[in-house]
Each structure stands twice: as structure tokens, then as C-alpha cells.
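Each of the next two complexes has subunit A plus one more chain, namely subunit B in the first and subunit C in the second.
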Partner chain A sequence: MDPLILASECDPAKEIICAPTNVIELFQFDEALFSIGPMDFTRTVILTFLAMFIVIGLLYFAFRTPRVVPTKFGAAMESLVLFVRDDVAKGTIGPDGIKYAPYLLSMFLFILVANLFEVTPFINFPLTSRMAIPLFLAVLTWVIFVFVGFKKNGISYLTGIIWPKSVPVALRWLVGLIEFFSTFLLRPITLAVRLFANLVAGHLMLTLLLGSGWIFMSAIGDIGIRSIIGLPWFVFGLGIFVFELVVAVLQAYIFTLLSAVYIQTSVHPEH
Partner chain B sequence: MEEIKGAIALIGYGLAAIGPGIGIGIVVGNAIQAMARQPEAAGLARTTMFLGIAFTEALALIGFVLFFIA
Partner chain C sequence: MFELFYALEEAAEESSGIDLLLPETSELIAGILAFSIIFLVVWKFALPKLSQILEARQQAITGQLTEAESAKKEAESLLDDYKEQVAGARKEANQIVDDARQSGEALRTDIVAKADAEAAEIAEKARKEASAERERAASRIRDEVAALSLDVAQKVVAGTVDEGAQRDLVARYIDDLGGMG
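Right, the complex of A and B next:
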């Protein structure tokens, strides 16, 4: 991306403040790069496929040949897989959480790669800052935990939520109403919005800080000494860059952990 | 009313950030206390801390999203 969309309206010689005319521009790539039949391939679609192939490639090349002494790369991937399986799936859901480990692992790796696109040079676009992708993943989790709840507990899964036995009779309708909305409506929405908003905020901060810093510093011929103002912005942006690295990993972990917790409340609704 | 729309959204986001700010402070503070008192349970405390942070910060993030929608 040429630096940058946000600078299209910016003239540093006259105005000291540069801002994008519309922030949505930073997240939209409407023009299709190429099309196969009725399917348009925009930048987001290509990055989605790229994330998928990266995850498949990582797992394939790490575990292609079983070794007694794994390579360094294999050991690193193994610790990642064991972390999701033992700490997240088994640690949260219990011994039968091993069944959900493949789902949690693939989701964790996909979100991790998609988030890390934010801080990958020359890509610099977090895939999960388009609402469609976190929302789809959250709906997937929703379908799984509702299905598991009905499969494990039958209709008493629903009645246990809207008519909780552990609450005094006079309050049951109120608690049941709140529980019903928070379980079936707010859970997927907050799960998606949490991931989405974190990545949007990070992308915006990076773009604005690094972009404005770059614009000011490169306009040194036009505005002279005043272009020094770009330097602190650029340094601050690089600091945020490191912070976003942590956020990307942490948000992938939190999404996976919360999915496991939601599945756990469906498997053992009494807790 | 139209010309101060952005300002109102900003104030709304600021208000939405107060509660989660206090909440995350309480969550992390108590988690650190738990880890310091019982270092062998640090892993459990850390997992639960991240869960608590995630639930608390959702409110601030909803405010952040509403700032753009408004």
C-alpha cells in the first residue's frame, strides 16, 4: 500500500493535522484484484487463503515425519499444540476436552496467523479487523456449544438456563431471562466484538502514528524544521508495534480460552 | 446538534472506559496478590486473570465500536 490512504487529503505544508477523511477506508478493499466466475478475490479473501495455507503448512512441515528427537521448529510447534491441548482444552473442559482440542487448535492457529498479519511487514492488515471473520468464528463456537449442550443434557440444558433450580423461586424468571440473553445472544456478539475491536484499535493506532510520522518526516523539503514533529510519532508508533505483537497473541489465546469456557459450561452446566 | 456529534461519541467512549479501567485494575491487582501469596497456583491465577480481563474489557471495546458507529 502506498503511504498511505490516510494521507490522500493531507497537505503538510498548510495543515498541521492530517487525518483520514473516513476511517472505514483503512479497512475496505472493494476493488477485486481478480475474479474466478462470480467470485471476486479482494485483498481480504487472498489473505484469508494465505492464513489457511500458512496454518496447514506449519502443521504439515512440523509433523511430517515422526522423529525421536524433534527439530527445533518441530519442538516449537509441539509445545504450541500441547499448550492448546493440555492447558486450554483439558485444563478448562476437563478430561473429555480432548475431543474439542482439534477445533480449538485450528481456531487458535488461524486467529494467531490472521492477527499477526497486522505486524507483518508488507501485509500490515489484520484479517480479523473485518467483522465477517471474527463473527463467523464466534458463530461457529456458538453452534458447537449449543449443540453440545443439547446433546449432553437434552432439553434440560435449555430449562436449566431459563428456569435455574439453584435460585429462589421468586427470582427464577428474572435470572432466567438474563441468563438466556447472555448465553444465546451476548456471548457470540461479545466474543466477536472483543477480537474485532482490539485489532481495529491496533490497526488504527499503527496506521495513524506511523503514517503521520512518515508523512511529516518525508515532507522535510516543504516544511523544514517543523517536520521534526514526525519523529516522536514514528518512534511511538514503533513502540505500539511491539505492543500489538503481544495483543495479537493474547487475543488469539483469549478467543480460544473463552470458546473452551463456553463449551465447558455446556458440558457441565451445573458449575 | 449535528456539528457536535463527534464530541458526544468521544465523551461516550470516555465514559465507557471508566468502568472497565477500574475493573481491570481490581482483577489484575487481586491476581498479583494471589500469585504472590501462593506462587504454586500462579498458572491458574494467570488463566483466570486473563478470563476476567477479557470479560471486563468487552464493555470498553463495545464503547469503542459504538464511537465509530455513532
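Right, the complex of A and C next:
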């Protein structure tokens, strides 16, 4: 898809500058394929539902029939789910963490599939490079940890943050101010932007390197030997492709783990 | 390539980059919907099902272990039984051999004793017979000697000695013989 966009903007015979007129074109697919009420079913929206079906399908086929000896796929899904349930949820939050396991697991699988779309052939587009999903999940995490904080600790959750007893009195107001902003304002923003920006950068790099490399190389008939410049870009792009595979998994893990850590600080604020 | 990036940057500045940072309503709705459905599936299906699978697996493994344990115990008790039986059989065999040896020994002793007794009896009988024979022979010899001596004496001293004196003489003679014999 993206090389096509690039190609439409590119005329290597005339000028060695290949760029879409607007970088946002790499991320926005405005034309709705169809609409239901206010919902425009753009490519991104359809991919979002595709991601949902993939996650549900993975879970369904992995756990449909209980087996004493799991299949290879079942065992892989089991270890993935148990990793989030036991290591991330219980391991970070404590025994209480099991309550948050459904949330953290849904988040992890959804983000993981959405991220992996970046390196999925024929899709080549990470859903998380659009702000909707990262922002929604970050805000949801914020709502959860603020709610849990007040529910578990009452008003002392707030006072513990803005008037931290473990800090010398002279500095308390300053640390309290920083903590207040960091907890209630910055956390959701950093959480969302970390994921979003990583995937935007990854998608940009892949699109530019693979796309422009490919366009230069395939224009060998028009521009002759100069098209060789596309080869290093393309090879470099393939390297980044593998790197982005790691980034996709890692960012899903980081988002989930940080959500767990934020919830943990609300469950046990003294730590 | 710098020109490329430059061109990109310029392009991004031209169109307000904030568009990239703000979520599109349709995408937001889709994300919320998709996540909610995933959450429901994870919450109501995946995690309970996984717990169920793990529990069933644990039970199956525990059951198999218990079964194996009981089978092992049974085998062990069976082995003990067999060992006991073998030991019993061996003991019995030893007993039988022992008994046979003892009864053989007893039989032998018995036979030997009987034979000894019989031999002793035979010897005794022979001795008695011999002694009786000798007695008989001695008495017959004595009688004959007496008769002979009487005859001789009669011939030597015919008429000089009366019959009573002769008899006394003979008797004395015989007694002397007896004392010698």
C-alpha cells in the first residue's frame, strides 16, 4: 500500500526526490470504504476489527478444546497468556494482580497484533501509529489506577502524592507538585506517546527505506546506474524490518508492564 | 536522501502535524469497540478456560502419579509375597531334606542295632551250645572213664577187694579226675 502511495508521488525519471506531498498520507486513509451512521469504515477502522478478530481467533483456537497435552500452538498461547497473567499481572501487582489480568492480557494481545501489522505483508501498517488505540488504552489505564488508588486508600491516595511523608518538609511541596503532575497528567500522555511514537517512527523508516529503495531499483530502465542508490536503502530497510519486529513485541510488553506498574502504585502506594 | 527528509519535514510542517496526534473519531470508536470485545472474550472465555485446562491437566497428572504410585505399591507387595513364598518353599525343601536325612539316619541306626543284637544273640547261642556240648562230652567221658577204670581195677585186683571197697576206690579216683579236669 505504502510503496504505492510513494510511487504515485514519485517520478524518478525527472527528479531524484521521492516524497509524498504530506507525511500524514503515510498514516491517514481518509476515504471511507463504507459508512454506518457517523462511523467511517476507513482502512484503519477495518484493520482495527481485523486485529480484534485475530486476537479472538487466537484465543478461541488455542483454548477451544481442553487438552491434557497441548498442541504446539496451544502451548505457545498458553505460555504467552500465563506470562501476562503470572509474570506481569501477579508479578508486578502482587496476589491482587489476578483481578487485573483480563485487562492487561486484552491490552497486551490487542497492542501486540496491532503493532505486528507493521511488519505483516500486505498490511504493513501499525494500528498503534494512529493515536486512537494508544490514547484510549492509556486513558483507560489512568482511569483504572486513579479509581483503584482512591478506592483502596481513600483521600490519602491524593495526599500521599502531593504531600509525600518520606520527603524532607522543605522539599515536600516541590516533590508533591512534580509527583502530582507526573502521576495525573504525564503518565497517560507518556504511556500513549511512547507506543504511538515508536510505531510512527518504525513505520516511517520502513516505508521510506523499503519504498524509496524499491522505487529507485525498479526505475533502472529510466535512470540507469543511478538506480543503484536504492539497493543500500532497501537492504538497510530489511534490517530495520527485523528490528521493528522486536520493537512491536517490546512496545506491547512495555505498555502492558507500565500499566501494571501504575496500577501497582495505586494498590500499594507506600512502595 | 537529505532532500527527501527535508521534503518530508516541510510537508509535515505544512499540514498541521497535530492531525497525527489527535485520534480520529471513527478509529477511536472502532478501537473502543474492538478492545471491549477482546476484553469480554479474555475475561469470560480465555482466562477461565485456561484455568480450567490447567486444573484438568494438574488433576490428570496427579491422578496418573497416584495411579503409578499405587501400581508400584501393589507390585512391591506382590514381590514381597513372592519372595515370602520362595523363602517358604526353600525352607520347606530344606525341612524335607532334613527330615529325610534324619529318618534315613534313624533307619540306619535301627538296622545296625538290630543286626548287632542279632549277631550278639547268634554268638551267645553258639557259645551256649558249645558249652552244653562240652558239658555233655565231659560227662560222657567221665562215665566211660569210670566204667573203664572199674573194669581195669576189677581185672587187677580181682577177688582181693570187696565190691564196696572197690566202689569207694573208684569214686575217689573219679573225684580226683574231676578235680584235675
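We adopt the following convention: the second predicted complex is superposed on the first by the 266 of 271 C-alpha atoms of A that agree within 3 Å, B and C clash if a C-alpha of one lies under 4 Å from a C-alpha of the other, contacts with A are read in each partner's own complex, and residues count from 1 in each chain.
We take it that contacts are C-beta pairs under 8 Å (C-beta built on N, C-alpha and C of every residue); 3 or more make two chains touch, one makes a residue touch a chain.
All values reported here derive from a predicted model rather than from experimental measurement.
When the two complexes are overlaid on their common chain A, residue A:257 makes contact with subunit B while staying clear of subunit C. Look at A:194: by the touch rule set out above, it reaches subunit B but stays clear of subunit C.
Look at A:39: by the touch rule set out above, it reaches subunit C but stays clear of subunit B.
Judged by the number of subunit A residues each one touches, C leads among subunit B and subunit C.
Shared-chain residue A:85: touches subunit C; no touch with subunit B. When both complexes are overlaid on chain A, the residue A:137 reaches subunit C alone and has no touch with subunit B. Shared interface residues of subunit A (contacting subunit B in one complex, subunit C in the other): 23, 200. If you check the complex, the residues on subunit A that touch subunit B are 23, 87, 91, 190, 193-194, 196-198, 200-201, 250, 253-254, 257-258, 261. Those residues of subunit C that touch subunit A in the complex are listed here as 1, 3-4, 7-8, 11-12, 14-15, 17, 19-35, 37-39, 41-43, 45-47, 49-50, 52-53, 56-57, 60-61.
Taken in their complex, subunit B has these residues touching subunit A: 47, 50-51, 53-54, 57-58, 61-62, 64-65, 68. The touching residues of subunit A, counted against subunit C in their complex, run 16-24, 27-28, 32, 38-42, 44-45, 48-49, 51-52, 55-56, 59-60, 62-63, 66-68, 70, 78, 81-82, 85, 101-103, 105-107, 109-110, 127, 130-133, 135-137, 200, 208, 212, 233.
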